[in-house]
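Heads up, the next two complexes both have subunit A, just with different partners, subunit B and then subunit C.
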Partner chain A sequence: MTTVSGPAGTPRRPLAGYIVGSVGLRRPSADAWRTAGITVLCVAVAVGLAALLVTFADGSPVEVVDALFTGSVADTAGWSQTLVNAAPLLLVALGACIANRAGVFNIGQEGQLLIGAMVGCFVALRLQGPGWIVITVALVAAAFGGGAWSGISAAMYYTRGTNVVVTTLLLTFIAAQVVQFAVNSPSLLQEEGMGSGPARPQSDAVPDYLRLASFGQYPDLTIGVGVIVAVVATVVLAVLLARSRWGFRLTMLGLNPMAARHAGVRASRLGGSALVLSGAFAGLAGGVILLGTVFRLQPAISNNFGWDGLLVALVARSRPGLALPVAVLFGALRSGSSYLAATGVPDYLVDVVQALLVLAFVVPPVLSTLWARRLRNRAPVADTPARPTAAAPAKEEVQV
Partner chain B sequence: MSHDRARTDGPAPALELRGISKRYGPVVACDAVDLTVQRGEVHGLLGENGAGKSTLMKVLLGLVHADAGEILRDGARVEVHTPLQAAELGLGMVHQHFSLIEPLTVWENVALGEPGRVDRNTICADVEAVGARYGLAVDPTATVERLSAGERQRVELIKALRRDPKVLVLDEPTSVLTIAESAALFEVLRTAVAAEGRGVILISHKLAEITAATDVVSVLRRGRLAFHCRTADTSAPELARQMVGRDVSLRAEGAALGLVVTDDPAKHLTPVLAGGLGAVPAEPPAPEASADVPGTAALALHGLCVAGPDGRTLLDHLDLEVATGEIVALYGVEGNGQATLGDLLSGLMAPDAGEVRVDGRPVSLDRPGALHHAGVGVIPEDRHRSGVVLDMSVADNLVMTDLRRFSGRLLMRRAQIRAQAEELVERFAIRTPSVDAPLRTLSGGNQQRVVLARELSANPVVLVAAQPTHGLDVGAIEDMYARLREAAASGVAVLLISTELEEVMALASRIAVISSGRITGVLDVADASPQRLGMLVGGEAA
Partner chain C sequence: MWLDDGGTVLASALRLTAPLAFAACGEYLAERAGTLNISVEGMMLSGAFGAVAVGSATGSPTVGLFAGALVGLLVALVHANLSHRIQINTFVVGLVINTLVLGLTSFLLQTAEFSRSQVSQVRIPVLADIPMIGVVFEQRWPFYLLLLVVPLTWFLVNRTRWGLELRAVGENPQAADVSGIKVNLRRRQAVLWCGLMSGLGGAYLSVGLVGSFNTNMTAGRGFIVIAAVIFGAWRLKGTLLGCFLFGAADALRLALPSLGVELNPQLLVAAPYLLALAVMVLMAKSQREPRALSKPFERGLV
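Showing the complex of A and B:
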C-alpha cells in the first residue's frame, strides 16, 4: 500500500492530541496517551505526598494552598510577582531547550547566570551613556558572559571529550567563587563603603535610569521588560526549532549524531554553538534579574533561578511552547512561598513540593516505556492463561 | 504432530518441542511449532529472517516464555524459565553475535556465568582438554580482543562444550567465518554429535550449509513449521521453495538464499558447499561496462590507511577503483575492515593516510557531508546507526542530506519537502501510512528503501552499498538487487560491500577481496570461483 494522503487530505491532529503528543519525549504516538494518563496519576501522587508533608509539619494543607494561591495569582499584585519570577526561569529554560535538542546536556545554568549577572553589572556600572544603550549593552554583555562560561565546557568537550554534564556542573562552583572574589575586591565590583562601617560583599546599586522599565503601576498588573523579552524569545525560538534549517539540523544532531554527520553537520560547530547559546540565555537571565529586580551584584543573586530554570525545561521536555506555562507555574510557586510564613509551615517545603512535581512530570515517559516493554513481552495468547509465576517479570527484564 | 518425523523407535529423543506458540502483540512469532532432535543428530533449522527461528530458540533457552506448548528432555517434561535452568538441563547455545567480553582472557570468558568457585588452573586445563578433544586449539590465557573471528568462535564452542551439553544450538555460526573455517567447524560438530551422542540444532538461512552439514532439516515460514524431512531426501531447490513459500526465481532470490546460479539448462540451483565444491557461474550476471573502459574511475580509493584507537590496523593501504556503470563487489569475511571503509565513505571518519577521488577530483574527507556533495551515495551497513533518524518523519529522513535544496534563507520549505517525499515514496514503493509517520514505525525493508531513495535522489556518481540486504526478507532483497542493477545501468558506479558469496557472484562484474584491511586480489566474475575467492579471503594470493 503506497497510499499517502496528499496535502489536502492531511489529517490535522486535534489540539488535545497535539498537546499530549508534545508531552511525549521525542516520540509523539499512541504511547502519548498512556504517558498522559501516567502523568496525571503521578501529579496526583505528588500532590498527595505534599499534603502529607504539610500535615507532618503541623500545617493545614488547605491553609497552605490558600497562602500559595494568595501570594501568586489571587490578585494583580500576586500576578506581577509571579511574572517577575517567571521571566528568568523561562529564559534559562529556553537555553536548556536548545542544548537538550542538540543532545548536549548543560546543567550549569546557575553558574552561567551568575557570570552573566556579573558581566552585566560591570558594564552597567562602568559604561557611560544614554540609559537604553547602556541597558542593551549590559544585557548583551550578560549573555556573552554566560555564553563564554558554557563555551569553556564546549571547548573542553569538543577538543578533549570531557563530559559536558561534569564540566558545566563544576564550572558553576567556580563561577560562584569568581563572583565572590569580584564583590570582595574594591578594584573590581565591591561597593564603596558609605563612610560608616566596612564595605559589604556586594556591588554598588545600579543607578535608577539603568533599571528595566515596567508597564503598569501597583496595584495594577505590572509587566517588566524582562517578561516581554522572555516571551518574545520563546516565540522566536519555538518557530526556529520547529521550522528552520538550524532547528532541523539541531534536532537531527540530538537524535542521531552519526546520521547528522553523514548529512553534513559538524557536531563541534553546531553542538558547541548550541551549548554556548544555552549559556547565553542563562547569562541573559542573570542580566534581567540584575537590572530588573535586585539592582546590585550579590553572591546570592542567582537564588536558584538557574537550577529551577533547568527543571522548567525538563518538565517541558525541551519544548519552548510548553516551557512558557511551566515557567509561570514555577514562578507562582516561588511568589506563593513568601506567603507561607503566616501558616507556620517552613517555606522550604515549597522546594520539596516543586521537586515532587518535577519528578511527577519527568518520570512518566520512563514508566510508559517500561510498561510498553512489559506488554510486548507478556502479551498472552487469548486461549491460554498466562503462567502465574510471580518472579517471572523481574527475570524477563534482565534478559531484555 | 502430523508431520512425518523420520523418528526411529527406541530411546526418547534428546529434545522435543511440542506446540510452541509465542505472540508479540499482533505478531505471531511462533505458531504451534513442533521440533524433535534425536541423539547423535544434526538438525538443521532453516528460515528467512523473521520466520521465528530465533524466537523458538529463545523459548528453548528460557530467554522468552512461550504462550503455549511444552518442552521435553529425554522424554520428560521440563520447565525452562531462565538460561541457568536451560544450562542445568544440558542445553547450550552458541550465539550468532559473540557474547564474549573482549578485555577478558579466554579462560575468564569460559568461566563466566558459572556458579561456584572459580579456579584458574582447572579452567585453563579444561579449555586445553576440550580444545584437544575437538581440535579447537586456543590459548586459554590469551585476551579475547586479540583473537580473530574464527578463534572467538572456537572460544564460544569450547565454552558451550565444556559444560557437556546434551543439545547444542548454533545460531548462524558461519557468518564471520571463512569457507575453510566453516568446513572445520562442521567437522567439530560431526565429532561432537556422532562420537558423543549429542543433539545439535544448526540455525541458518544458507541452504548450502544445511544441505552439507545436517541429517534432518526443518523449515520455518512465518512462524509455522512448513516442512520437515531427512536432508538426504530433499534438495536445495525444494528447501528454497519451502522457505519462501513459492518457486524462487533464478537470479536474485537464488543468491539471496545462498545459491550460485549455473548455466545448466535444467535450471538447477547448485548450492556452494562449505568445502568449496560449488559450481562456477559461466555467465557474468552483470553485462554492464567492464573495468577496462578508458577514462578516470568514478570512485578511486588510493592508499587508505586507518588505525583503530588501540593501534590496530583497520585499513592497510587500500586501493580500489570503480568505473561508471559497473558493480564492483568488495567481498570478505566480517571484521576485515569493511565497516571502517563504510564509515569512511559515509563521511563519519577521516583516514590517517590516503585519498578518495570522485570523478577524478580529490574529496576533503574531514568536512562532514563533503562526500555526499561530491556525489557519493551511501547505504550504510547499520542504517540505524548512521543512515536514518528513527524519531524523525519519513519525509524528514528523505531530505535530510540536502537541506539547502529544501529551505529558504532560514526556514524549511515544508510543501516542497512533502512533494519530494511523496514522489520518492511513490517511485521507490515505500510502504508507509504517511510521509509524516516516524521512520521508526516502518519495517526494516522500507527503512532501507528510504535510505536508498534519499541517496539515489541526489543523482550520485557513486553508490556505496554496505551489506544492503542484511536483515531483509527475500522480497525486499530481490527489490534491492533490482535497484542496484538499475542504478548501475543508469551510469552510477556501484561499490557493493558484502560478506555473502552468492550475493557478490550474482551482482558484481568484478570482485575485490578484502582481508585484514588489504585488497588481496581483484577478479573478474568470470574468473572467480568459490575456491579462488576462499583463498583470497584467507589472505593468500590466488
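Showing the complex of A and C:
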C-alpha cells in the first residue's frame, strides 16, 4: 500500500545494488519523502530548543556552534579526537543494530562494555607473549566477555521468558559492581600501590607494547586501529544484513516472529545469537577503549559510551550504513563538548542535544505512518460519491 | 548499645526507603496497566530538581515538594503521549527521557544558583521516645504522606472501576478494548500517576532528605524501584517490602564500616538487581506478571 516499488522491468545492477542496499538507500517512496520532511522539521525544532537553552545559560548560540566545530572537525587534531570517540560508539551501535533487527531490544550495552573492558584488561595484564597476539586475544576476550554478559539475558529469555529489556538493564548495574569489585580486590585487578599512598580502585596500566597502534602523528590526522576495526565491521555487517540469508532471517524474525517461525527460523537460536552478538560488539568496544585510549580499567571507563552507542543505533534506525555518519556526529559532539567551557555554557548541553536528536529521528517515521493511515482511512469516503458502483465490490473484497 | 545502633540503621533505612516507596507506588500502578516504565528514573530526577528549583525560588520547600511532583507529571505527560498515543517503543522513549532529564538537570544546575531548602521535621511526642523504633515517628513530614499515598494507590488499583479497567488493560488489552475500555487512554493515565508519584519521590529525596540538588542525584534509584516491583511480583505489599529491603541494604552499606562489620559493599549495592533477576527467573512461570506488560496495544493486531 505504502511502498511505491520501481517498475517491474528495472534492470538490476548487482554491484550498485549491493552498495546502495547496504547503505540503506532506496528509491524514495511517498512515505520516505514525508518522513524526511517531518525529520527536517523535528531536527530544526531540536536545534531551536538547544539554542534556547544556550541563551538561557547566557551563552551565544553562534559561539557554541563555533566551539563545537573547533573542538571536533575544524582541524586534523579535532578530527582525530572525533574518530577516537566515534569508534566505540559505532561498535556499540552495530551490536544494537543486530539486536534491534532481530526484535530483541538490548539496552544493557553499558554493562556489556564494562565487562568487555574488564575481561580484556585481565587478559592484557596476565597473558605473556608477543604484542599483536596478546592484543588480538585481549580484544577477542573482551568481545566474549560482553557476549557472555548479554548471553545471560538471552538464556533467561529463551528458557524462562523473562523480559530482555529488564534483564539487560538490571545486568548493567550488576556489571558496574562486578567491575568495582575487580578493581577493589588486590588479588584480581587492583593496581599495586606505588610505595606512597593506598592503591586506588583501578587496574595497573596496560604496558606500552600492548596499546593499539595508530597511524599518523599528533598534528596530523591519527587513525587508531579501533577506528579501522569499527569501519570494517560496519561494511561487513551492512552487507551481511542487507544481502545474506542470515540478515534476511534476522529481519524476518524482528518484523514478524510468528511468520519467521513458520518459515523455519529458530527464534531461540537466531534471536539468542543476535543478543549475544550485540553484547560482543559492546564488549569489543570496551576492549578498544581500554587498549586504545584509557589503558587501565577504571569503574568510569565506560563513560556513557554504551548508552550513547545505543542512541546512535536508534538515530540510524538500526542501519549499520547510517550508523557510521551518526557515530561520527555523536563523536564530534563529544570531542566538541570539551571546548564548550570557554563559552561559559555547561558541556551537559551536548547530552541534551544528543537526546533531542534521537527524539527528532525516532518520532518522524511513526508520525508519518500515522499520517498515511489517516489519509488511507479517509480516501474511500472521498471516493464513494464519485464512483458509487465501484464501492460495493470493493467493500466485499475487503471482507474476504 | 545495640539498640542505638539498630535505631540508627533503621532510621537511615527508612529515610532511604521513602523515596523508593513513593516512586514504587507509581511504577506498580503503571506496570499493572501494562507499561514497564523505565523513565521512572528520569521522572524522579526531574522531580528532585523541580522541587529544589521551585523551593529556592519561592522560599518554601513545601511548595517545592508539590512542584516536584508536578514536574514528574510533566515528564510523564511526554512519555505517555509518545509511547501510548503515537506508539513509539516505550523503552526507546524511556531511554531518551532518562538521558534528556539527566542532561537537562545537570545543565540547569550549573547555570543557576539554588539556595538550600528543606522541609521541617515532625516529631510525634510520646511515640518517638520508644527505643529503637522511635525513629519511625521522627521524620521529615512528607514521610507521612506515604500513609496517604500507599493506601490510595492500593484502593485505586484494587477497589475502583478505574483500577479494574487498568488491570484489564494490563492483562488483556484486546479483550478490554472490545468491551469498550480505551486501552491507551488508561495506560496514559497510569503513566501520569507514575510520574506524579515518582516526582514526589524525587522531591522527597531533594527537599526532604538532602535539602539541595546535585548532578544525577537519584543515581539509579528509579531502576531499583523497577527491581522492587518485580521483586514484589506486581503486588503492592511485596513491592513495598522490596523497597524497604533495598533501602535497608543501602543503609547497611553506609553503616557497616562504622559498626566494624566486614561485608562486601559491592554485593550490597548489587543486591536489589540480583534479587530482582532471581525473582524474575524463579517466578517466570507463575503468571504473576501482567500478561500484556510492555506490549504495545494497537487495535486489530493480536
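Everything below uses one rule, namely that the second predicted complex is superposed on the first by the 349 of 400 C-alpha atoms of A that agree within 3 Å, B and C clash if a C-alpha of one lies under 4 Å from a C-alpha of the other, contacts with A are read in each partner's own complex, and residues count from 1 in each chain.
Just so it is clear, contacts are C-beta pairs under 8 Å (C-beta built on N, C-alpha and C of every residue); 3 or more make two chains touch, one makes a residue touch a chain.
Here the structure is a predicted model, which means the values were calculated and not measured.
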Does subunit B (first) or subunit C (second) touch A:L49, or do both, or does neither? neither
Please work out whether A:L255 is in contact with subunit B alone, subunit C alone, both, or neither, and reply first, second, both or neither. first
Is A:L127 contacted by the first partner subunit B, the second partner subunit C, both or neither? neither
Applying the touch criterion given at the start, work out whether A:D58 contacts subunit B, subunit C, both or neither, answering first, second, both or neither. second
After superposition on the shared chain, which partner residues are touched by A:R266: those of subunit B (first), subunit C (second), both, or neither? first
Contacts of A:L221 with subunit B and subunit C, given as first, second, both or neither: neither
For A:S244, is the partner it touches subunit B (first), subunit C (second), both, or none of the two (neither)? first
Show me the subunit A residues, by the header's touch rule, that subunit B contacts in one structure and subunit C contacts in the other. none
So, in the complex, the side of subunit A touching subunit B is made of residues 1-2, 4-7, 10, 26-27, 29, 240, 243-246, 248-249, 251-252, 255-256, 258-267, 375-381, 383-384, 386-387, 389, 392, 395-396, 399
Residue set of subunit A touching subunit C in the complex reads 53, 56-58, 105, 107, 156, 160-163, 165-167, 169-171, 173-174, 177-178, 180-181, 184, 307, 310-311, 314, 346, 348-352, 354-356, 358-359, 362-363, 366-367, 370
What part of subunit B is in contact with subunit A in the complex they form? 21, 23-25, 63-65, 67-68, 81-83, 346-348, 367-370, 372-373, 378, 380, 385-392, 396, 400-401, 403-404, 407, 410-412, 414-415, 418, 422, 425-426, 429-432, 434-436, 438, 440-441
Within the complex, subunit A is touched by subunit C residues 36, 38, 82, 86-89, 91-92, 95-97, 99-100, 102-104, 106-107, 110-111, 220, 223, 226-227, 230, 264, 266-267, 269-270, 273-274, 276-277, 280-281, 284-285, 293-294
